[in-house]
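Below: a set of structures, written as structure tokens.
First subunit A sits with subunit B, and in the next complex the same chain sits with subunit C.
Showing the complex of A and B:
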């Protein structure tokens, strides 16, 4: 089985990109692949705990479930700080990390890298 | 990894984010190689005469220079740049290439991410 790395750059409430990323990750995991996801730019909202959209899919809830099933989710710390998201506010099992240490490792370990952005 | 930059240097975050991502990959020590390919409006990032201080924005040129200083490669599709700005000078060290060469570079990379 392979490893898929998804780089997401859209925020959770900007468009359907985060939903697509979650569905893609789930489909790959269901087939037995390892999946890593890195949130960059607006996509750091992916790991914010307490998401409660009224009429849209709750990406945070999906992320919470999927990290428990083995999905690795890391977002860029610099992007978080710029947007006022700090350590302690992330969904359990996700990580506020870095491009250099985390994304580079994820990309280096991946068999496929998919970028989801607009 | 190849970082493909398609957006202009200012007005959008993408080009800056792409340059920083390439720099992060370069200094991480875990990527075999990290290169940057500038195409379309992204070729404007190669121009030497940028003055980001005028709009109080960070310099993409500095990030590209850092990549070059770390022996990374920055490629720029020359026809895309020339049709936008004529013969304006680009940062030393950036390799000007044709579209045929750009295709070969993309094909030669296992991982490509687009900004």
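Showing the complex of A and C:
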């Protein structure tokens, strides 16, 4: 089995990119692959605790479940602060980190890097 | 033979052309994987033919086709797949992915 890193830049409510990424991550984990996910730009909304979309899939709930099953999710702190999201407001098990430290490591460790962004 | 899997997410109308696939694909084995609004490609004759010209294999995400009621529009040049199959393509059957 291998390691798949998924890179995201779209917000959870902008389009279906984060839903595609979550379904791809789930299918990969079900096959026994390790999956890491890094979000920046609007994708930092991925880890915001307390998401409650009324008529859309709740990506936050999926992320919360999957991090408990081994998915590693990190987002960029600079992009978070720019949008008023601060440490302590992330879903338990996810991390507000950095492109420099976290994404570079995740990309280096991955067998495949997939960008789900436009 | 080196291989590249191009991932397209946007509507065919949002891609001025597919020259980047041909240019980046070169002589490699070129696969294209269509998600979200890119699943409209099979339904638009001109864009469909343009895609068939630049790709050796074309895969379409069944979930997104069904969400848009497009499954009947898919011709034999397109392989309808699910997420486990997409993982195999990414992890085992192509050397790298490029998202356009």
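By our rule, the second predicted complex is superposed on the first by the 118 of 118 C-alpha atoms of A that agree within 3 Å, B and C clash if a C-alpha of one lies under 4 Å from a C-alpha of the other, contacts with A are read in each partner's own complex, and residues count from 1 in each chain.
The rule is simple: a contact is a pair of C-beta atoms (placed from the backbone, for glycine too) under 8 Å apart; a residue touches a chain by one contact, two chains touch by 3 or more.
Just so you know, these numbers come straight off a predicted model, no measurement behind them.
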Partners on subunit A (subunit B, subunit C) - clash or fit: fit
Touching partner for A:4 - first (subunit B), second (subunit C), both, neither: second
Which partner, subunit B or subunit C, touches more subunit A residues: C
Which superposed partner A:16 touches (first subunit B, second subunit C, both, neither): second
Partner chain in contact with A:100 - subunit B first, subunit C second, else both or neither: first
Touched partner set for A:26, first subunit B, second subunit C, both or neither: second
Subunit B versus subunit C as contact partner of A:110, first or second or both or neither: first
First, second, both or neither for A:43, with subunit B first and subunit C second: neither
Shortest CA-CA distance between subunit B and subunit C [superposed frame, angstrom]: 5
Set intersection of subunit A contacts, subunit C complex versus subunit B complex: 113, 115, 117
In the complex, subunit C residues that touch subunit A: 7, 9-10, 35-36, 61, 63-64, 82-84, 86-88, 90-91, 96-97, 99
Parts of subunit B lying in touch with subunit A, wherever the complex brings them together: 1, 13-14, 17, 20-21, 24-25, 27-28, 30-32, 111-115
Subunit B-touching residues of subunit A, taken from the complex the two chains share: 7, 9, 40-41, 98-101, 103-105, 107-108, 110, 113, 115, 117
Partner subunit C, residues of subunit A touching it in the complex: 2, 4, 15-17, 20, 23-24, 26-28, 30-31, 33, 111-118
